[in-house]
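Sharing a structure below in structure tokens format, with a few things to ask.
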Amino acid sequence: MSLFDLLQSIIPQALFFSAPLIFTALGGVFSERSGVINIGLEGLMVMGAFVGIVFNLTFADVFGSWTPWVSIIAAAVISAIFSLIHAVAAVSFRADQVVSGVAINFLALGLGVFLTKQWYGKGQTDIVSQQFFTSDIPLLADIPIIGAIFFQGIYLTSYVAVALAFAAWLVLYKTPFGLRLRSVGEHPMAADTNGINVPRMRYIAVILSGALGGLGGSVFALTIVLNFSHATIVGQGFMSLAAVIFGKWHPLGAMGAALFFGFAQSLSVISGGVPFLEDVPQVFLLIAPYVLTILALAGFIGRAEAPKANGEPYIKGTR
Amino acid sequence: MNANRLFNILVPVISVLIGLLAGAFMMLGFGYNPITGYTALWNGAFGDLYYFGETIRQVTPYIFTGLAVAFAFRSGLLNIGAEGQVIVGWLAAVWVGTTVEAPMVIHLPLAIIAAAVAGAFWGFIPGILKASRGVHEVIVTIMLNYTALYSANAIVRNVLSDNEDKTPDVAATASLASEWFQNLTYFSRMHYGIFIALFAAVIMWFIIERTSMGYELKSVGYNEYASKYAGMNVKWNIILSMIISGAFAGLAGAMEGLGTFGYMSVQSGFNNLGFDGIAVALLGANTAFGVVLAAFLFGALKVGALNMPTEAGVPTELVDVIIALIIFCVASSYIIRWILLRFKKEGK
Amino acid sequence: MDYVVEMIDIRKEFPGVIANDNVTLQVKKGEIHALLGENGAGKSTLMNVLFGLYQPEKGEIRVNGKTVKITDPNVANDLGIGMVHQHFMLVEPFTVTQNIILGSEPTKFGKINFKEAEREVQELSDRYGLEVDATAKIRDISVGMQQRVEILKTLYRGAEVLIFDEPTAVLTPQEITELMGIMHSLIAEGKSIILITHKLKEIMKISDRCTVIRKGVGIDTLDVKDTSVTDLASLMVGRNISFNTVKRPANPKETILSIRNLKVKDKRKVDMVKGMELEVRAGEIVGIAGVDGNGQSELLEAITGLLKTESGSVRLKNRDITNLSPRKVTESGIGHIPQDRHKYGLVLDYSIGENMVLQTYYQKPFSKYKTLNYKEIFLKAEQLINEYDVRTPGVHTKARALSGGNQQKAIIGREVDRSPDLLIAAQPTRGLDVGAIEFIHNKLIEERDKGKAILLVSFELDEILDVSDRIAVMFDGKNVAEVIPEETDENELGLLMAGSSTEKAGDK
Amino acid sequence: ACGGGNDSKEESSGSDNGSNNGGSESSEGSSDFSAGMVTDVGGVDDKSFNQSAWEGLQAWGEEHGMEQGQGFDYAQSNSDSDYAPNLNRMVREDYNIVFGIGYKLADAIKDVAGQYPDTKFAIVDSVVEGDNIASITFADHEGSFLAGVAAANKTNTDKVGFIGGTDSDLINKFESGFVAGVKTVNPDIEVEVQYAGAFDAPDEGKLIASNMYKNDIDVIYHSSGATGNGVFAQAKDIKNNDPERKIWVIGVDRDQHKEGQIGDQNVTLTSMVKRVGNSVQQVSNMAMEGEFPGGEVLEFGVEDEGVGLADTNEEDYTKEIAEAVDKWKQKIIDGEVDVPQTHDELDSYLDAL
């Protein structure tokens, strides 16, 4: 297989695989930058997938080919509301954030499957009729080489994800909102004395992570799985979390990490045609993203410093 | 100070009540009779000796994973990786159980120790990375969960079996299964592991509360700088804590591999023993005794839930929702304390 | 009449504590008003009420004669009240400018206008002579500059009344002088200042009036020029305080600690100790004077085994203890009162009883066969608590719940009780009130008289001069001069610490 | 509805069961007879053989005028550790015959059947020895062989693909049969085989399918459970962008026609259908009539329609293909071809071609 062929088969696949991770990881970045650990990304994705599919099944007739887009927006909204539980627990009730996140994961899956059984009388929904499709980006697709690699047969949602990563970067690093959000995650009391409403910022951040996690989950469901069951989201949320950390809590870093995971994943699938990878047992390729993340954390990418107040509830008046 | 004790007991109790109440409202909301639902749950967990035996069977690994999470918690570490440690422990126990030939007095302990060692090793990795490189244990353990899952599947399929979905059964000399228990409980899969689990709880209590090692572990968890100043080996304590925690979780795997199943099969996903262990530890306030109680509760909920669809038509997932809500409540104990304080004040 | 700020009959309760009980504070325009009181008297609480961080249960606040309700720091800012906190409120990875504009950022098309902000900050800094680099990151600048950033923050928000909560506790003498200059220029611009400090001399030097609080109750407000240090001290504590530490002349014996050509790098691999020479003998207190950051911390960490040395030797009673582990160092006979008591000295979540055996828990009788004997542990704790006057509800109380002074007394009790040959005391009285300081100084001297060697590190010249028998001046990682307290004064020491004219001082 | 078989006895005895004429026993006796099944983790709605089995059991219940919970019922397993308690539950609620659906329940069935010799058990898709156990197996390899014939007849590029869930003996059976079928029709056709490693990894399935279609493969037979969702997703996506492109998926276990629908086209060429429901219904009736095949292994092959191809996609599953499939089906029935079940058998089969 030539390099060009290789790239042409890997890149679009990496992009589609990564898009849901990018969305969700961006949510994680917002949440953790504000000082709220979010192990619940998996659960937020489950909720997003659930809502995305149910909405899609219910309103396919109403919205026609726009259904998937409306569905992911609905998923984002509902997941944002759902994430309020984490916000209330972590911010207002001073819960251990990791534990609350674990509970979010349980709750989303339990609720999702419970409601599916309730509404559809079975443990998994039907396949949606209105899924996302790939397309060629006009003009750009015709650019030699680059066009074929990056702009043919691509999900628009992948580009939305990439664009959102840049938007998140702008917001976090160039706007007052971003400065305040990051200050809350580093030194909430300093923020407080500067008149910033710490709980409010954290609520907003967690809700954003809910919305983005919902986007991630629903995009995953509507591009890949096409129905909802207990096995729709299996680990993608945790991979997104890995991307957050691998990407050093930076939106673009998180995107890079998500793309890297996608790359590793698609490489593992097409390894058959790649001379070196051909003989590697599949299990090594399967565990590669996880092991690489550990290795990366252990030193190859330098020290990744978490936001200082990450995980600490802010209690006014304590030192 | 006494009031504090009281809160420590009240908070989990209230959390469980809130969870169950919410579950009842959910049943009402979806047109089920909560009384029928909970009766089914109760019958499914304690209805007769068979179900009771099955509940104990489920409680056994829960005690171990609960202890694992609680132990790490006491030294300031969050072991999200019990899940993976269970898997490698299970694998190791079955490996020894199926390939070694020895009399029971050697074989069974060997298999159990193998599980503990494997789990300990799986805990050692995040431990050493945290100690030597400051890598956060939560993320490493999550990554190791997946690594364990996929690796164990590959080993079951390619090494311990000839391309099959499960290993052969472990030798009788390595089995925890108890005919006596089975006969007593109409063939439930209750096995001798429960005694090991209870013993482990005592060990944990002793280490944490009564030994200088426990003093160091807790001290490191609270303040590693002061611990270093006081001459403790902080890095070693972090590693040690993860090793012991991992060993407990590995033993949970031994319970499954040598007791409940007697083999290991290819896992399509996590069995959640490790994640449930977080809930168990938390509800048990990270104490050994509390973990045992909480493990009973969650074991009963999980096993009882299976009876809900058949007897009351309620989907089993209701119990997952209840458990999630209980976790939220315990995690948010601050607010429960606050409300209790309010009540107390007004009562005066 | 022309009060800018009036706090009248303020009452603030915390669970179990009445932090402020009908306290009244009236600040005139253009004055420096000192707020004085023991640890835990309620000074910070009162100021936090004024700054909107706490809501009082009772009382009235007036600003420029108008009654106001300060519900959060934003309101305080709008009213022209700014606060420089005891513990700095700065976001470390942010730049100076980012910290200053945080919460009231200038924007252009929704984006922060960093250029404009930096210019403004620099201008403001220049106007008050604060010499702050607007683009530097907080984590890269000195403590003194961090404090000036805090001041800038209040000025940027247009503060007319500035609250300083123990601003000098973390500063070197030079920085303190600078700060006083800054305060004067602020007053000259028509601002008013509320200053909290335990250092009575500072109050005498700079403030116009002074309000004393004792145990949450306002005692009195006086004109500083009509009072004296002793008066203030007794008002504050409620009894007479002797300031001149009484001590017999030292009677030094054999050498206990001897440091030869010691070189140490800090955690970031920067050379901090560059050939240190030092001797401490039994029965004497050697004080190390020096500006923060000249290698004192690293020196102590190297002696106690917390940092590895590069070269040179540390000997204790003629035994080489270079690079031993902290435990081995402790066991060889060193007691250490660490500089940062919350970080190093205590496990705040352990009970005070458990903290009392932090160095000895593994030894008999507290531990046998690696099993703890809590009866013995708490027995020991009770004994120390009584002996060292640690005020705590009991041995089972968490260390966190004790006040700073009592925490410090507990640490000292623990370290002294082991009867080490060498006692290292780093900033043992930092942030403590005069009563606690007196107690601690007496303890150190008592130990000296028992024949122990004592090494005292302090940034406070008063303390060094009062307590030491011999003073080593540390500058740039080296012992640049040794002087006798009786033969020197603050001026000379200050010069030595600044590294100037080492020869001249050496001649003396 | 609460209560299992115990309650149902009294209640259903009053109900109308006149239509119940299949039994050799009295109608009172037949209403006494109850059948239950325990699913594997897929659940009764897995769109696969749990569902098929359940439909069979429901049909059986209907046939005898019963209602769920009164005469027949299922228990859902959420994890591997649930099999034994669920089987026990069924036994203890006095179901006369209990089905374990899926090879994963083999061990549990073996244990429980040993403990309750008076209850009849049946295991689907595996063989378990025991006098009170009937083993229901399917000739997956034969059905897959026919799928191979269909694929070979359909392909325009002479490249077809196989996507398996896990690389296990069971799925190797599908693979071997399929490859044999393809090569039998035309030895020059390339068959690319890839395993996703899991039955619930649609993302993997999609990646593999995407890669296969990119490499000019035009028919993919998947035997990978929910992983196949990704295969369908990819095929439909390609079809959406290029309706002219000729690509297909062959479904598995049940008719996956619905999964393949995209606009007015359908990418499901056919499906290798296992009529688990029929077998469950059949065995239930046998047991009810006292002819329970205890200790026997029943293999449902092409002969008795236990496995076969779906012909729902009339447009693509052309008459020619159907005829070719029928021809080979007859040869299998007649014993002219002995379809390989393992890699080894496949190798020698191909050598012999």
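Letters A, B, C and D mark the chains as written, and numbering starts fresh at 1 in each.
Here is the rule we go by: a contact is a pair of C-beta atoms (placed from the backbone, for glycine too) under 8 Å apart; a residue touches a chain by one contact, two chains touch by 3 or more.
If you're wondering where the values come from, they're calculated on a predicted model, not measured in any experiment.
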| item | value |
| --- | --- |
| Chain at maximum distance from chain C, centres defined as averaged CA atoms | D |
| Chains linked by the largest number of contacting C-beta pairs | A-B |
| Chain B and chain D: spacing of chain centres that average the CA atoms, whole Å | 36 |
| Centroid distance [mean C-alpha coordinates] between chain C and chain A, Å | 46 |
| Centroid distance [mean C-alpha coordinates] between chain D and chain C, Å | 77 |
| Overlap residues in chain D, where contacts from two or more other chains coincide | 76, 197, 200 |
| Set of chain A residues in contact with two or more other chains | 231, 234, 282-283, 286 |
| Touching two or more other chains - residue numbers and ranges from chain B | 150, 153, 268-269 |
| Pairs of chains, among all present, that meet the touch criterion | A-B, A-C, A-D, B-C, B-D |
| Of chain A, residues touching chain C in the complex | 170, 174-176, 179-180, 182-183, 186-187, 189-197, 308, 316-317, 319 |
| Residue ranges of chain A touching chain D (in the complex, touch as defined) | 9, 13, 16-17, 121-124, 126-127, 129, 131, 133-136, 153, 220, 223-227, 229, 231, 234, 236, 265-266, 269-270, 272-273, 282-283, 286 |
| Of all residues in chain B, those that touch chain D in their complex | 36, 40, 50-51, 54, 58, 150, 153, 157, 163-166, 169, 182, 186-189, 256, 260-261, 263, 265-269, 271-272, 303, 306-307, 309-313, 316 |
| Partner chain B, residues of chain C touching it in the complex | 304, 306, 325-331, 336, 338, 340, 343-350, 354, 358-359, 361-362, 367, 370-372, 396 |
| Chain B residues touching chain A - in the complex, by the definition given at the top | 26, 30, 78, 80, 125, 129, 133-136, 138-140, 142-147, 150-151, 153-154, 268-269, 275, 278-279, 282, 315, 317-321, 323-325, 327-328, 330-335 |
